[in-house]
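Below: a set of structures, written as structure tokens.
Both complexes below contain chain A, partnered by chain B and then by chain C.
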Partner chain A sequence: MQLLFNSVVAGSIYALVAIGFSLIFQTNRFMHFAHGSAVVFSAYIAFHFFSLSNSLLIAIIATLILSSILGYLMHLLIYYPLQKKKSSSVILLIASFGILFLIDNGLLLYFGSGIKNINYFGPLRGMEFFGALITKPQLIIVLSSLLCLIFIYLLMTKTKLGRNLRAVADNNDLANIMGIESKKYMALSFIIGSVLASVAGVLIALEQTLSINMGTTYMIKGFTGAIIGGVNSVPASILGSYIVGLAENFGVWFLPSQFKEAISFILLFLFLLYKPNGLFGIDKSSRK
Partner chain B sequence: MSNLLNLNNIDAGYGEFDVLKNINMYLDKHEIVALIGPNGAGKSTILKSIFNISDIKSGKIFFEENDITNKQTYELLNLGISYVPQGRINFATLTVKDNLLIGAELIKDKKKVKDNLNYIYSLFSVLKTKRKHLAYSLSGGEQQMLALGRALMDNPKVLLLDEPSLGLSPKLVKETFETITKLAKTGLSILIVEQNAKQALRMADRTYLLENGQIALEGNKKLLNHPKIKTIYLGGQI
Partner chain C sequence: MGTIQKNNIIETLKDSQKAFWLILFVIDIIFIFLCLQGILNEYFAHVLVVINIYLILSISLNLVMGFTGLLNLSHIALFGVGAYTSALMIMNGYSYLLSLLLAMLLPGVFAVLLMFATRKLKSDYLMLVTFGFSFLLYSIFISWTSLTRGPLGLNNIPKISFFDFTIYSTNQFLVFSTIMAIVSIIIIYNITKSSFGRLLQAVRDDEISLKLLGKNIELIKFKAMFISGLFAGLAGSLFAHYSQYIEPNSFWIVDLIFLLTVLIVGGLASNRGAVFGVIIIMILNESLRLLPIPSEILGPTRQIIYALILILILLYRPKGIFGRIDLK
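Up next, the complex of A and B:
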């Protein structure tokens, strides 16, 4: 039970990272690996503003605003000019690594490499819940991710905006022909993705101690989740992320705990080799 | 210059690559105009140049006497020009109904959207039965109906069709042409690119024959009897 709950906590964060990543991937057709840095950036910003103001609310608002701006700027200053020159997705991928290093090292320069955490809840005492120990921040992680996921699901399926986003993701040339300005929606997906990254960042800052390189780790986990579920579908990416959480936490039953990080890599390789469309992904080529 | 759509001295292509040379053509209200010609003659490029998908090097395009040469692709549907690209292209991972609703994206009035949806369903009843299916699961003919239906959802004045009969069975080709004729009778002006020269000539009010990026012939239904058309398209080679 404890393992199951830990899996859900981990999966919730991965899912937030994964849907942002998969949304950006679908509309922009390249791997935005700097998404992990957006998560760490958010976590550090949350920490920074919490230290300054001692108010969680201010920290959250500042993070949401600054991260959305960061996401939009990445699109506006780097990716969009490249896309306009019709650069290949490989060039964009390399650019995303550039951004990743830039942000990570920028954070390192400003914050230093010392350990940071937000000590908002004081010493934690777990609550008993069906035989599992749950801390307050963990509960917040699960509930707030769930809220975000439901919100995104409704946004994508029930609104005109979501339908247009899905249309741009499906075929942006056709979307343009149908009067949908796809570049606007490509920028919008960066903003939505970054908002989700900032939620993930704040949640991570609440529960864990921060380090610069955790962004890449979360990126890999989210990416694996997206691949396992199917990177072309947002709900599938969510499910995939929970599977990563489960596999990691249950894997350490059987394997030494140092292998925890390796598990998601192994899953990633297996899926890329044998089921690149993911468990629930749609293979459009099946019928022509 | 009181035509609905005018192409004046258009040179166009893709980047460095030139395709069209000095194209002059027009489309009047309530007219079906066909573009025929061999593969690679530049038929599709004409439609793409209207929609600013290929690169226009010189010349101007006018719609209702307004210069639309530099309009962005996404601005054209709102002006009343709708385009069905080649190859039955739909939003494959969206449902049939969502595909159609995207066609009505620019209409604000909800009742109008509903009326248009019902009109398309009455035109292609199979789309109604399959409205909850994902577009990629439809058969080829159904996908073509969906592409056509989506392009009509916005009440366009002009419909640009790029080879709607491509890859369809003879029965479906016949049905597609019947539908197009029916649509023209509702007052829609249609510019259609077609491989099937015989069918196109019979259906269209006027036809342009394109060769090597230039207009080689232009005429009405009598073009069917033109010796060049007879030898190239209707007699020996095809």
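Up next, the complex of A and C:
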């Protein structure tokens, strides 16, 4: 039960990362690897504003704003010029590695390599819940990511914006012909993705101590989730992320515990090789 | 008229290529001479050794990534396999030559296995799988503590010694690594100029026609990966015995981005590019040391500069300095 709950907590954060990644992948057709650095960036910004103002609300608002600006800037300054030159998805992927590296080291320069901790809740007491110990931040993580998921679901299915986004994702050229300005929606997907990443960042900042290397780790986890579920569909990547969380926590039964980190890499590797469209994904490769 | 002009251009190009290698060789000899005479201090020798190691890495990665068009992000991990193999073999009492042999073969075999698994994948998917493979090897380096001592790394790796001859000083190592680098460059240069080299480029440019000609594409890819793996292992072995200390983080994303930057700045599918890229980035790297910045922010500053160069090159000159192909 405890393992199950831990899996859900981990899976919730991975899901937030995975949705943003998958959304950006669908509308822009390339792998935005720097998404992980958006997560670390938000976690550090949240930490920074919290230690400045000592108010969680201010920290959250500042993080959401700054992180969406960061997402938009990445699109505006680097990805969009590359896309305009009809660069291949490989160039965009390498560029995103560059951005990941740039942001991570920028943060390292500004914040130093010391370990940061918000410590908002003070010493934590676990609550008993169906035989599992749950701490308050963990509960917040699960609830708020659920809220985000519902919000994204409503946004994508019930609003005009979501419909247009899905149209761009489905067929960019056709969407353009129908008068949907795809450039706008590509930028928008970056903003939405970054907002989700910033939620993940704040949640991570609440529960764990921060370190710069987190970005790559969370990116790999979220990416694994998206690939396992199917990177072409948002609900599938959410499911995939929970699977990663489960596999990680239950894999410890079969493997020595120091291999916990390796489990998701092995999963990623196997899925990329044998089932690149994921368990529930739709094969869209023919449209590429 | 037109043909004569064309010939002239080709001649000058050939000449410039020869001149490039010649100038490089002469400069290299001069520097080594100055180091051996003690005019330049040990620090210069150290930088030259590091350049030599990266030269082997970049030129062998270029064989796969530039010439064959396989976007392989696992080269640094293979380099790590070579380093660990060589170090562990020697520490367990095997002779250097045997360790070097295995340290070259093992990454070669790994590269072929990776290629076997990924033979159907292309472009960004191939890139991500090879990146995933690096991640896998990295987590093995970190997690298999009984063998690799995990994050602590291996220290006190013995110096190189063979035939009653031990390499003690940095200067001796400089000569040794220069010979190794020159030999590697000559071998890979000749491979790329041979008919096999042309086959590799054909794999990159037009797989289907090559299949129609009855060539076994997978076999060609395996060979290319195997050769590149061999040299990655050689570089790894040199690195392990030179620095005498290796840890998993030496074989991870920092060096990966460095190598990627080097290749893309130099230009893919060009041996000159691969060599020139290493030299220019290393000069930049070391000249940063002259700036008055404290050492704890030197590392991140450097990496920010690599990342910026990488992004700017992709934006404004995706072919690099000497590159002949676009990334597909």
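The criterion applied here is as follows: the second predicted complex is superposed on the first by the 283 of 288 C-alpha atoms of A that agree within 3 Å, B and C clash if a C-alpha of one lies under 4 Å from a C-alpha of the other, contacts with A are read in each partner's own complex, and residues count from 1 in each chain.
Methods note: contacts are C-beta pairs under 8 Å (C-beta built on N, C-alpha and C of every residue); 3 or more make two chains touch, one makes a residue touch a chain.
Because the structure is a prediction, the values reported are computed rather than measured.
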Practice item. Tell me which partner A:Ile191 touches in the superposition: chain B (first), chain C (second), both or neither. Key: neither
Practice item. For A:Leu139, decide between first (touching chain B), second (touching chain C), both and neither. Key: neither
Point to revise | Broader residue contact with chain A after superposition on the shared chain, chain B or chain C | key: C
Check your understanding: Touching A:Leu3 in the superposition: chain B (first), chain C (second), both, neither?
Key -> neither
Check your understanding: Can A:Gly98 be said to touch chain B (first), chain C (second), both, or neither?
Key -> second
Check your understanding: Counting only touches as set out at the top, which of chain B and chain C does A:Met214 meet: first, second, both, neither?
Key -> neither
Check your understanding: Is A:Ala167 in contact with chain B, with chain C, with both, or with neither (first, second, both, neither)?
Key -> first
Exercise for review: Once the structures are superposed on A, label A:Leu56 by its partner contacts, choosing first (chain B), second (chain C), both or neither.
Suggested key: neither
Point to revise | Which of chain B and chain C A:Val252 touches, first, second, both or neither | key: neither
Practice item. Please name which positions on chain C make contact with chain A in the complex. Key: 71, 117-118, 121, 123-125, 127-129, 132-133, 135-136, 139-140, 142-143, 145, 150, 253, 257, 260, 264, 297, 300-301, 303-304, 306-308, 310-311, 314-315, 318, 326-328
Check your understanding: What part of chain A is in contact with chain C in the complex they form?
Key -> 30-31, 78, 81-82, 87-91, 93-95, 97-99, 101-102, 105-106, 108-109, 216, 220, 256, 258-259, 261-262, 265-266, 268-269, 272-273, 276
Point to revise | chain B residues within the chain A interface of the complex | key: 51, 53, 72-78, 83, 85, 89-94, 98, 101-103, 105-106, 134, 136-137, 150, 154
Review point. In their shared complex, at which residues does chain A touch chain B?
Key: 160, 163-164, 166-167, 169-171, 173-182, 232-233, 282, 284, 286-287
